[in-house]
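Chain IDs A, B, C and D follow the sequence of writing; residue 1 opens each chain.
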Amino acid sequence: MSETTIQTVIAAVKILVIFNVLLGLFSLMTWVERRVLAFMQFRLGPNRTGPFGILQPVADGIKLFFKEEFIPPGADKWLFIAAPAVSVITAFLAIAVVPYGGSVTLPQASWLGPFAGREVSLQIVDLEVGVLYIFAITALGVYGIVMAGWASNNKYTLIGGLRSSAQMFSYELSLGLSWVGIIMLAGSFRIQDIVAAQDGGFWRWNAFIQFPAFLIYVVASTAEVNRTPFDLAEAETELVAGFHTEYASMKFALLQMAEYVNMITVSALGTNLFLGGWNAPFPGVPDTGLAGVAWFGVKVLSVLFFFIWLRGTLPRFRYDQLMHFGWKVLVPAAAVWILITAGALAFQGPRPAAAAVGAL
Amino acid sequence: MDFAALLFYAFGALALGSAIVVISQRNPIYSAFALIVTLCSLSAIYGLLGSPFIAVLQIVVYAGAIMVLFLFVLMLLNVKREGRDPGDGRTLKGVALALAVLLALQIGTVLMRARLGPARPLDASTEKMARDLFSLPYLYVFEATSVLILAALVGAVALARKDS
Amino acid sequence: MNAEPTVQHALLLSVGLFALGALGVFLRRNIITILMCIELMLNAANLAFVAFSNHLGTREGQILVFFVMTVAAAEAAVGLAIVIALHRGKDTLDVDAFSVLKW
Amino acid sequence: MPPQMPPYVPLLILGAGALGFAVFTLVVSHLLGRPRPNPAKDAVYECGMPAIGTARERFPIKFYLVCMIFILLDVDAAFLYPWALVFRDLVRDGWGTFAFLEMTAFVALLGGGFVYAWKVGALDW
């Protein structure tokens, strides 16, 4: 087998695994979310299908596949069908540069053939432009929502889509700006390098060194993926279900899937950028290879749980409050923080600067 | 032909095809979506030409920001399909087509006859680009850009929000 | 002819896009579509910049693309603001309707 | 270290996979679901009220203003990224103060525009 073929096969296998992990995590999340919310609200949640209701996502999936399709009158048919596809494709594309571990070395086993003993990096592709690629792809994610909202020919979806897209790019700006300090400290766009810069104990994680940026990231990413308290686009009390009101069957499922995959992406990205990625919280604890993947998984799942917890706890913002908060608090704060970080780096040299910034 | 070349031609064809859709559609919303496809395939071409940073910027600035603004305005003003052309439309279209072909031939001839010499290797990595951009020769242009954006910001806000 | 994409092929693509953009400006009567065609022409110019810079081994062309994009963003923001202002006055977007500077 | 595969190959595989998945799902659900339309079901869902007119309505200019401010600041972010990338190198080479002041001036000018938009109420909802 030629070198190119081998690498292509490795890439394809990695993509297949990630794809299935994402799908599995998505269906698991729909169940976990309902159970956890129910627990927080003294209800039971889905508990009939299988033990503890764990087969609920499967049942939902089968049901949605067999549901009839529906295209509202006066809708723009092609855009209406394309919208879920665009959403889900951009959601899956964004995960490409997010690493989930350092690298593993395949065992020297004979059944692996030419793959034996090879070092495989645990990332689909390590682009030179790393985080910027994610910034670009999330920017494209707005189109799915605009298309869905506009094509449905329904006033609620139109308003939901507009609100959602306006919210997305308002917070996208602060989201993007919150990374700048980290890029400065790491001197690289590659997420691998950013994670490597946080090696050596939890006090070196960017969540502490860049604490204000971390807060901005948490708020902005929650808004970016339309989660409570920022789920204004689908405020049931005002807008039915926002931009996906008119969607049924698998088209609805695809839109829903795109939202959850985006949530998983921002959790994984936040883990990498701020929570040290696959680094163990204390030096000396093993975190190479599969152990790193385990650390990474624990962190991502905790962040996902945090999202559900938020939903069970906080009330929804009002739309004007949301826009005010995004533009008048987050954006200026992010800009000022960038200049503070830069000033600290410029006038004290890199090492003490990180400490000084951390002390702030 | 290697794979990169194949991709280059595929994305080139996609860019041209969607550009034709942009100009032939009467419904401006479809034009806008077709233009987004053109911009994304151009971004892929930049990536293939070895300029990843330009490729990403193309998506961030053009496809992710400017085109959203176009779509918003189209929806804001509730733009309808263009009506049919008045009687002499066909002649005008012929003239327009002829002029465009003439333009293409002209520019094409000039570009093709440029004496380029052999290709020289280029390191267009993001770091090198950034070092160039933030060096002394571009200082003036860089600061002038911020004045341009400032002017655009003030101008556009003033124009758009009159009696709103 | 060489099957590899050379600078000539990128330039031909750029010429094609530029001519299509120009044709769109001639043909379409909706101001917003015309603005989009202008964006198309700017993009064609960008492609030529990148192709030349790639071939000549200098980065100046690519840095210029940076500034062209900035100008395009400013142009779109102001241009569309003007379109909105025009639409307020005449309630149409047909270019033929706007033949006077002041009304 | 063997020669690296060009980065667009995995991206292409991923994109093709995502596209295939979306198309497959849409087609299969189209084939499986049996539509049983009736007039009430086909109507646009607006909380049970009969829909008045279409949704091809105009909407407030605020969305445009916010979007416009976003694209101009987005360009600003596009300049901040490469600056952040090389900032430490610049500091190491002794250009730290220069780079810092250069970007401070840039951000301050844009900040002026931002403050203008704020003061005239473009950011008020």
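Observations
Methods note: a contact is a pair of C-beta atoms (placed from the backbone, for glycine too) under 8 Å apart; a residue touches a chain by one contact, two chains touch by 3 or more.
For clarity, every value in this text was computed on a predicted model and none was experimentally measured.
The most central chain, judged by the distance from its Cα centroid to the centroid of all protein Cα atoms shown, is D. Distance from the chain B centre to the chain C centre is 5 Å, each centre being the mean of its Cα atoms.
Between the Cα centres of chain A and chain D there is a gap of 14 Å. Look at where the CA atoms of chain A average out and do the same for chain B: the two points lie 29 Å apart. Distance between chain A and chain C, defined via averaged C-alpha coordinates, is recorded as 34 Å. Residue positions of chain A touching 2 or more other chains, listed in rising order: 127-128, 132, 158, 162, 169, 189. Looking at chain D, one finds that residues 9, 56-57, 59, 61, 63-64, 67-72, 74-75, 77-79, 85-86, 89, 99, 114 touch two or more other chains. Of all residues in chain B, those touching 2 or more other chains are 4, 48, 53, 57, 60-61, 64-66, 68-69, 72-73, 75-77, 126, 129, 133, 145, 149, 152-153, 156-157, 160, listed in ascending order. Which chains touch which is summed up as A-B, A-D, B-C, B-D, C-D. The touching residues of chain D, when paired with chain C in their complex, are 61, 64, 68, 71-72, 74-75, 78-79. If you check the complex, the residues on chain B that touch chain D are 3-4, 7, 44, 47-48, 53, 57, 60-61, 64-66, 68-69, 72-73, 75-78, 126-127, 129-131, 133-134, 139, 142-143, 145-147, 149-150, 152-154, 156-158, 160-161, 164.
Across the interface of their complex, chain D is touched by residues 66, 69-70, 73-74, 76-77, 80-81, 84 of chain C.
Within the complex formed with chain C, the chain B residues making contact are 1-2, 4-5, 8-9, 12, 15-16, 19-20, 22-23, 25, 28, 31-32, 35, 38-39, 42, 45-46, 48-51, 53-54, 57-58, 61-62, 65-66, 69-70, 73-74, 76-77, 79, 82, 85, 93, 96-97, 99-101, 103-104, 107-108, 111-112, 116, 119-122, 124, 128-129, 132-133, 138, 141, 145, 148-149, 151-153, 155-157, 159-160, 162-163. Per the touch definition, chain A reaches chain D in the complex via residues 3-4, 7-8, 11-12, 14-16, 19, 64-70, 72-74, 81, 84-85, 88-89, 92-93, 96, 124-128, 132, 152-159, 162, 166, 169-170, 172-173, 176-177, 180-181, 183-185, 187-189, 240, 245-246, 249-251, 253-254, 319-320, 323-324, 327-328, 331-332, 335, 338-339, 342-343, 345-347, 349-350.
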